[in-house]
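Dropping the structures in below, format is structure tokens.
Next come two complexes built around chain A: one with chain B, the other with chain C.
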Partner chain A sequence: MQAAVLEISALVLGIFLLLCEAFAGALDKRRLAYGGIFGLGLILLASFFVTAGPLQPDAVGFWSFYAADPLALFFKRFALATTMLVLIMMLESAPRIQSGLGEFFALPIFTCAGLMWMASAIDFVMIFVSLELVTMSFYVLVAYTRRNPVTLEAGVKYLILSALSTGFLVYGITWVFGVTGETSLARVAAAFSQPNLERAPALFGAVLILVGLGFKIAAVPFQIWVADVYQGAPTAVTAYLSVGSKAAGFVVLLRVLSAFFILPQVQRLLVAVAIATLIYGNLAALPQTNLKRLLGYSSIAHAGYLLVGVVSFSGAAVGFYLVSYLLMTLLSFTVLIVVANSAGGEEISDFDGLSKRSPFLALAMMISMLSLAGVPFTAGFFGKFMVFDAAIQQHQTALVVVAVVTVACGFYYYLKVIRAMYWESPARAAPIAFSQLSRVTMTGLMIAIITLGVYPQPILRALSDASHPVTAQR
Partner chain B sequence: MSSALPWSILLLPLASAVVILLFTLRSGRVSSFTSVLAALAAFLCSWALFTSENTRAIELTWIDLRPLLYVPLGFVIDGLSKTMLLVVTGVGALIHVYSLGYMRNDAGKSRYFASLSLFMFSMVGIVLSNNFVMMFIFWELVGVSSYLLIGHWFERDAAAEAAKKAFLTNRIGDFGFMIGILMIWSATGSVVFREIAMQMPQIIAHPGFLTIAALLVFCGAAGKSAQFPLHVWLPDAMEGPTPISALIHAATMVAAGVYMLVRVGFLVQSSPAALGVIVWIGTITAVMAALIATQQSDIKRILAYSTLSQLGYMVMAVGLASGEAAMFHLFTHAFFKALLFLGAGAIIIMLHHEQNIWNMGGLAGKLRVTFLTFLVGTLALIGCPPFSGFWSKDAILALAYTRSMPIFVLGLFTAFLTAFYMTRLLVVVFLGKPRTDAARSGREAPIVMTVPLLLLAIPAFLAGFSFVATRFLPLPQEKEAVALVPVLATLAMIAGVTLGVVLYRNREREPLNIALLRKRFFFDEFYTWLIGVTQGTLARLSDFFDHWIIDAGAVRGLSSATWGIGALLRLFQVGNLQAYSFLFGLGIVGLIYFTIFR
Partner chain C sequence: MVTLGDYLLVSGLLFTIGFAGVMLRRNIIIIFMSLELMLNAANLSLVAFSRFRVQPDGLPNYHAQVFVFFIITVAAAEVAVGLAIIVALYRARRTTHVEDIATLKF
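Up next, the complex of A and B:
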């Protein structure tokens, strides 16, 4: 079975759900979400049976813009798992959606297809098209509860700024094409290593492409939209944005940089961007009182740690970090949705005394916060450990120093949430209700975080296969 | 099949602890039988492993970040660990059985047996670990479970305090242990014993580094094995139930330190300077503890100090670069000391928790089995030929005789003291007239308690003979063994016994009164003072820091700085789309400038 079957089946699944929504009449819309989760689960299962495509750099035709290497497969599974979890979160937040519930559940599946294509894209044209598929569906999702003015504002901001960044991305691609005459990453890399290369225009194109990707991963100085959009969008979409969109951005970044790292200025640029992102994300998170906004800034900070891994060429470190980030971010957002459903707000003070109202939710939130902060025996610790180790091996001392100091800073605002849950007294005593599916999901995520924190071997093994092609291409 | 044996030995006690904690906390009866069954099964598996030729076990990878760090979940299975397993699970199983009687009417029976199983799990883990990381984790688990067991009667302040003291004192040693492990890892890039041993030539090139690393590792052993100056926790730990004193504080936990030193013997023995320190720490502990033991009046405390003193002998043997001699004494000591403690436990429980030896007397006729087995244990401990203790102590003394005269003389003096205080104990407790009503009404202990005593008395007598001992462990081979040493040792023993009998026969009160010894050299007072002084200084320092640097500098500075940054950030986060796009464009210009024009 070919790898592209996975994306195609995801698309078919999405279209099928839309048709059901349109023609099936009085159908409980939740069934669509269950169907979507089930279908994506099947695709996830199928992904273990696909054959890898040819890997030679001079491949022609389809295989010159589509790679089916282990890295791509790993991130396809990543996208599928994320989307399934996001659908579960959407089910939990469904009561707050005023209309169009069916499309709300179908759109993420198209996003998922885009993310999967992005994981395989090794040609600028392909990268651009799949990126747009993802972004388009996000435009709709972010502004989904459009009667809420905050959401509408977030949607417009995301639309305009994203369009702006897309413009720069295309412009950069044309410059690179103009300099090298190629769009395939492998051939661009070959052209960049020619001694008679025109440095300045090549760099110009590279920087503009990095601007486009920097927007996707929310790196400084293109982070400015994050707080407003994260706060305004429906929480499940925020989670999707901060995990799925970001992960795809990092895969593309890893691929693109394998071509760009031939230019030494690019690495210098990325080190500066990483330092700025780490400092900005962590400092700006300090005074936040709104948990969603706090998680928004924390996602900027995590982009900084991921960039440290990217700068150190470590695909394995980035991959592991993304997996741990997926687990802990989705766990915290799930708890946030449940608590916000009952409290009506997303302030940290809404979590006061959560341990008395629902020990389970408080435990889940505590585990995800500890993992985000990077406490040992959680997945987050190993993610940071591997990223720092990679950076030390590349002698990026300044970067590591900044990163370690900002980790300490992160403890402050993550533990603030734990303090609210366990030491403050609750405003209301009513227990919090949530679905069995959410409970099972949260339990699974908690177990995964702890398991990977104690026994990281499964992901490490999966990644040790996946990280080779990156280095081989370079 | 047999490669799964080590795993079952390790996991059986864990399974029992988990089952008890999750399911049977309500029923002390079920819990106790679960725990005892697990211990017996673990012992049978250990026996099977001991008799099999097998030296391999399934090894799992725990953390694989080669070349940085590789931590397997693997076992080392050789003669050393097989014998140690037999001792740990064998003595452990007997003590489980004995606990059925001792803890019969205890309210926290389930909790007790769960902790006991957890302890067995951790202890077996230490014995089997083939790398430092695993060993350290089990090391800490032993610390935790011993904390739980010492503090079993936590409603008594003394027990809670003792548990805390044991834990904290151990932490001091463990901290050194951890730094030592990190040093060795940074030097060799490995935590697996086998690989470190292969890399030793590299470290030996840096003797200073090696000495510090070896001494830090010894720090951990000093904490667990209660060596001077970290010995203060062990006597206090006698607040726990007596079977725990026998299990943890005689046969297994305190032996873990010695076992670890033997396990990493390749490391310790390559540094003569470290060996020098270790041998003197051991000797000081042996003499000091024996001196203190002569003036105690609590039966368990006397035994506790005697344990300290015997551990001093074992560490002395390690310091004399003979792991065999240390293990030999550990082997025999485990049996006779467990026997003595269980005997003491039988007395205590039959006298309704009376522990003062001056409130006993004349028990020989009433607790006949207990008396006879206690006598066997005593004879073994004081090194009366041909009991087991004689052979192993003789091995260490012979070693000292050939290496260092001062050590030998002090060792001999300790042997004399040992004989003296044990005779005192025996005479005061069992002979003469009963001095209190409790002693007059004493009866023999129930059968679940006497059977373990009898079973332990056999190895306490036999384990020293070379035809028995060589089946279990390699004996130290001293080439120029001198006949003088056993003769001198026996003379010292006879002198001690004679003095004890003369001084203490038919006494109603303590005839000697040496405050320095009775007060245990004022160690506790000194530590309390030291902690008070350091804490006071630290508190004053941090008060100063808090008042002047945090309050005055940081808080006011930070609040104004935060306000400033907030104002600055507010300039950016205007929420205005045009401004956002403008900043976006500005960022791009900045990046292009930074990349291309610089």
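Up next, the complex of A and C:
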């Protein structure tokens, strides 16, 4: 079975759900979400039966745009799992959506198709189109509760800054094309290693492309949109944005950089960006009192750790870090949705005394916060460990020192949440209600975080043959 | 004779005007127009590169021209979604000026 079947079935599923929404008038809209979760589960199952193979250097037509290598397959499964979990979170936050609930459940499935295409894109045209498919569905999702002025404001900010980054990306691609005459990453890499390459315009194009991708992964100095958009968007969308969009950005970055690292200046530039991202993300998170905003800054910090893995050329470390990041971020956002549904706000003070009102939720939040901080025996610890290990092997000592110092800084703001839950007294005593599906999901995520913290081998094995994003292309 | 450099100069100017517009203007509609200008700068230089990078058989490099069609299509979709969001914002706030949109601290 060809790997492209996965994206096409996701598109068909999305259209099918939209048609159901339009023609089955009295349908309970929540059923669409269950249908979406079930359909994506089937596609996830099917992904284990597609043929993955090394890249074909002489492929023509569509197959010169599309790679079905192990790295791509791994991130396709990642996108599918993320979307399923996000749909569960959307179900939990459904009471807050005033209108258009059916489309709210159908849109993430189109985003998922875009994320899967991004994982496979090996041509600048494909990268651009799939990136825009993802971004454009996020424009709608971020501004979804459009009667809420804060959400709308977040939507406009996301729109302007994303479109700006697209402008940079496209202009950069233009210049790379002008120098090399190619849009395919493998052929661009070959042209970049020619001795008679015109360095200045090639570097100009490469830097513009990196600026464009830097916006998507929220690296400093292109992070200004993150905190506002994360705070304003519906919480389930924020989770999707911070996991799905970021993971896809990093896959594209890994593939693009394998062509660009032939230019020596690019790596030095990225080390500087990684250091700035680490310091900014962690320091700006310190004074936050709104948990959603805090998680926004923490996601900038995590982009910094991921960049450390990227400059150390370690696809495996980046992949493992993203998996652990998926588990702990989605767990914390699920708890946040449930608590915000009952408290009406997302401040850290709304978590005061959560351990007395709902020990289960407090435990879930504690595990995700400990994992985000990087405490041993959690998945987050192994993710950081692997990234630092890769950086030490590349002799990036300064980078590792900065990263370790910022980890210590991270402990402060993550533990602030735990302190509020366990040491403060609750403002009210009412227990918090949430669905059985969410309880099962949270339990699963908790078990996965702890399991990967002690026994990371399954993911490492899945990543072992995916760690060289482009060796087959050369 | 118009050279490749002339086209690139105009396209660079367009890109700069667009970027300056995004940074300096205060009306969201104008900012959005400037964003489209940046995309069109890329289109212009792509077509110029395509025309001047003649392949061995004497034809222009059509990769770039096909890419231009993709950019035009995506830009159109972006305008559709973007204007819808801006209209929704205007209905809620009765303004399209960035100074008035500061509920979330920047």
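General observations
Everything below uses one rule, namely that the second predicted complex is superposed on the first by the 465 of 474 C-alpha atoms of A that agree within 3 Å, B and C clash if a C-alpha of one lies under 4 Å from a C-alpha of the other, contacts with A are read in each partner's own complex, and residues count from 1 in each chain.
In this text, a contact is a pair of C-beta atoms (placed from the backbone, for glycine too) under 8 Å apart; a residue touches a chain by one contact, two chains touch by 3 or more.
As the structure is a computational prediction, the values presented were derived from the model and not from experiment.
Of the two partner chains, chain B is the only one touched by A:Val207; chain C is not. In the superposed pair of complexes, A:Gln457 makes contact with chain B only, with no contact to chain C. In the superposition on chain A, A:Gly61 makes contact with neither chain B nor chain C.
Within the superposed three-chain model, A:Ala284 lies in touch with chain B and out of touch with chain C [touch as defined at top]. Using the contact criterion defined above for the overlaid structures, shared-chain residue A:Glu132 touches chain C, although it does not reach chain B. When the shared chain is aligned, chain B and chain C each come close enough to touch A:Asp228. In the superposition on chain A, A:Ala143 contacts chain C only, with no contact to chain B.
Of the two partner chains placed by the overlay, chain B and chain C both lie in contact with A:Val156. When the shared chain is aligned, chain B comes close enough to touch A:Leu269, but chain C does not. On chain A, the patch touched by chain B and the patch touched by chain C overlap at residues 153, 156-157, 160, 164, 168, 224, 227-228. Per the touch definition, chain B reaches chain A in the complex via residues 61-65, 68, 562, 565-566, 569, 572-573, 575, 577, 580-581, 583-584, 586-588, 590-592, 594-596.
Residue ranges on chain A touching chain B, taken from their complex, read 153, 156-157, 160-161, 164-165, 168, 200, 203-204, 206-208, 210-211, 220-222, 224-225, 227-228, 265-266, 268-269, 272-273, 283-284, 287, 386, 389, 455-457, 460-461. The part of chain A that touches chain C in the complex is made up of residues 124-125, 128-129, 132, 136, 139-140, 143, 146-147, 149-150, 152-157, 159-160, 163-164, 166-168, 170-171, 173-175, 177-178, 181-183, 224, 227-228, 231-232.
Those residues of chain C that touch chain A in the complex are listed here as 8, 15, 18-19, 22, 28, 31-32, 35, 38-39, 41-42, 45-46, 49, 53, 61, 63-64, 66-67, 70-71, 74, 77-78, 81-82, 85-86, 88-89, 92-93, 101, 103-106.
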